[in-house]
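What follows is a short report on a single structure.
Letters A, B and C mark the chains as written, and numbering starts fresh at 1 in each.
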Amino acid sequence: MTGLSLTYPGDRSARAVRLSWGLMAALVGASLLALGLGAASVSLPGVVGDLLAGRGVAPQDQLVLMQIRLPRLVLGLLIGAALGVSGALMQGLFRNPLADPGLVGVGAGAGLGAVLAIVLGGAVAVSVPLAAFLGAWGAVVLLYRVATRGGQTSVAVLLLAGIALAALAGAATGVLVYLADDRQLRDLTFWSMGSLGGASWAKCLWAGAFILPVLVLAPRLGAGLNALALGEAAARQIGHPVERIKTLTVLAVAAATGAATAAAGGIGFIGIVVPHLLRLASGPDHRRLLPNAALLGAALLVLADTGARLIVAPAELPIGILTALLGAPVFLWILLRQARWEG
Amino acid sequence: MIRLALAVALSVAPVIAAPAMAEPSRIVVLGGTAAEIVAALGAQDRLVARDSTSTFPESLTALPDLGYLRALSPEGVLSAAPDLILAEAGAGPAEAVEVLKAAGLPYVTVPEGYAPEAVAAKISVIGAALGAETAAAALAGQVEAGLAEARAKAAPISPKKRVLFILSLQGGKVMAGGEGSAAEAIIALAGGVNAATGFQGYKPMTEEAVLAAAPDAILMMDRSGRGAVIPEEVMALPALAASPAVQSGAVIRMDGLKLLGFGPRTPEAAAELRAALYGA
Amino acid sequence: MLIAENLTVTLGRRPVLDGVSFTARPGEVTAIVGPNGSGKTTLLRALSGDLPFRGAASLNGVAIARAPVWQLAALRAVLAQSTPVGFAFTVLEVVRLGLGASAGRETDPRAALAQVGLAGYEARLFPELSGGEQARVHLARVLVQLGAPTGPDGPRWLFLDEPVAALDIGHQLQVMRLAAGFARAGGGVVAVLHDLNLTAEFATTTTLLAGGRLVAQGPTAEVLCDTRLSAAYRCPIRLNVAPEAGRWFLPQMAGALHS
């Protein structure tokens, strides 16, 4: 589809494409901001100027940029994109704008997996991201089984099952917390609030190994998820391989949420706020929504992380606190809007 | 005692300062006990930043706060432009420590330990890093002497009082210091016996276990503000109401860092606790 | 041709459809009628490939139970009784969903909307439409899925489950005339209907079900007789007899809509 194609009334794809360009620009801006700002005083234009002039960069500046800010930026982009896309995928799968991986217990499942690996790491030979992935996957599959009857997914059952699942994961986490020592306990507390503080190139590598394939695959699920908005039977009648779409969606959400949770802990509300804002701006067409959710999620998370690093510098805020602070009111607003719509 | 150690340290510090080559002058300290030792060695004016647990001496709080010891930001630490990082073994997260170690700055890990023997090791590591070996040796000797004195005074005490250390109350649930905890170590050093047994570290105790512990005294951290345990709350717990501790009003509160930090003030803490338990 | 032999569908342990044979020819509207719970919708869902069944069923010679979803989607389109849409798609976007997997069959969604009397509704948000308008949007989507009544691969089929349930009499006639026109142009139409008057007017062939079994299949005029209907619906029914009092009217006597 070219940008010049005629647009009919009711066709919002051109608007969504324009939005993509805007989001890309915002992403570049947010990235430059994240690279340029921080507790340490490193002048980004200065460094670039030095590089262009063929002068060396001070080792300290190089360390801050290459080993601290850049891996953190890359991790933030990966995780923000993963959270945005996971939210859009979940909402598409469940046909409901409130189905956020964090809200319906998928995050709790991933968290349980990660905590298991942290506390029992030695005994159970699975890495933290793999454990988080398995936890998220188990949660998504269980939720889908419980909430779907005869091809119809009950949102009430979904939310209740999510609450039950979160409680179950919370209880299991509680047992692990009891086993944990004083220090692990504090780690778990900070971990549950989410942070990109532990960013490293190694972390970017394994998180990227889970998240990048999802970002590539997700838009291909777009047409199928659009059809799923009519229900599973109708989607099948139109000719979409519904079971395959569902399985791939569940796997993608589990991989992206699992990796994001394992790498940065619990970061809430990106997954619910990002797709909602995008649907308001350019409609629910998942073929455009999914890539845009990746872009907006990445830009928002990088901005939030820059804020988290600057507000109490040289210390930093857990980013999950910041996203919850900004995201929870938006979530309430969505609920109110929806109540008015349905009422 | 501490004042004496300080005086010794101050008098020695300039002497050893001379031969040192490039003595660190911009030090970041991570960990309350390490900070205390740096100050006791008279190097407080060389500190440029600290973590949030470094609160003694009081004047340290004027330094920039790098956040909680286990949630450090490597860039925040580097922004203080240190030429030495003195960090307790508990500093984290691991990735942040890795980055700091890779930064090419001297990064000295202060060994951890909640036992009297560990104090001297901490002091000597910090002394070496500061180039203040002589002062450190003097301070370590001072602390060892104080610890020996505390042990000597604790040994003959009989019967020993059973002390329950309460870290926090969570909805009426007692989080107590069990076996192997710093609380147990300081209680023993003060001539008491830990009343909470059968578990490791800090764990919530069931009411029946608290009842069975029947402590002669209750020990708590003297914290102000949020999360502080209020003596009245403790005394009101049904499981403790009948205990000798509450009956006799033996609820002791002490500064947390001094009580559990196992640093230069530990002999002082032991003496204070012993006095609170047994008088004099 | 749509040929089904001895179809049996069980839900749980209860047979909902019990040994029903059914045929439908292209170029005709074939109605499925019967009382509530007689198995009409179940039969249509089995023929759509949505339900597992015992027996044999084929559409244009393609075995329905074994055909991949894309192959069936190219042969037939299904309009369910109601299809809620999960998000706030525009009318145009919903109709375009019909293009679905059968790409290359470029039907103009706007022409389909005009056919169902919804020209100019393209930019409206689907959830904000009335129930009748939503039903017609779905009909347009189904028409877009098929493209044309016939193709190189033979006739194409419209499966309609109570297509007029949500509509006023004017739109009922409009939709039924559209279906009849589709059949006249060579396509096949199978419709579950509740309205016996509309059945009588539009269906060439009618299948009468009761209690999951076939009561009769044949030319509509033969199937819709007093005795068969009375037995199937368990109430006395008399055809072509006007009541002595009160007002009554027939769709057969209504004129064309919005002419």
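The rule is short, and it goes like this: contacts are C-beta pairs under 8 Å (C-beta built on N, C-alpha and C of every residue); 3 or more make two chains touch, one makes a residue touch a chain.
Not measured: the values here are computed from a predicted model.
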item	value
Chain whose mean Cα position lies farthest from chain B	C
Chain centroid nearest the full-protein CA centroid	A
Chain A and chain C: spacing of chain centres that average the CA atoms, whole Å	43
Whole-Å separation of chain centres (CA-atom averages), chain A against chain B	40
Length of the line joining the C-alpha centres of chain B and chain C, rounded to whole Å	80
Of all residues in chain C, the ones touching two or more other chains	none
Residues of chain A defined as touching chain C within the complex	8-12, 92, 95-97, 223, 226-231, 233-234, 236-242, 279, 283-285, 341
In the complex with chain A, residue positions of chain B that touch it	49, 52, 64-68, 70-80, 90, 92-96, 98-99, 102-104, 200-204
Interface residues, chain C side, partner chain A - complex	45, 48-50, 69-70, 72-74, 77-78, 80, 83-94, 97-98, 100-102, 110, 122-124, 127, 145
Touching residues (chain side chain A, partner chain B) in the complex	38-41, 59-60, 63-64, 67-69, 178, 181-183, 186-187, 190, 195, 197-200, 203, 309, 312-316, 318
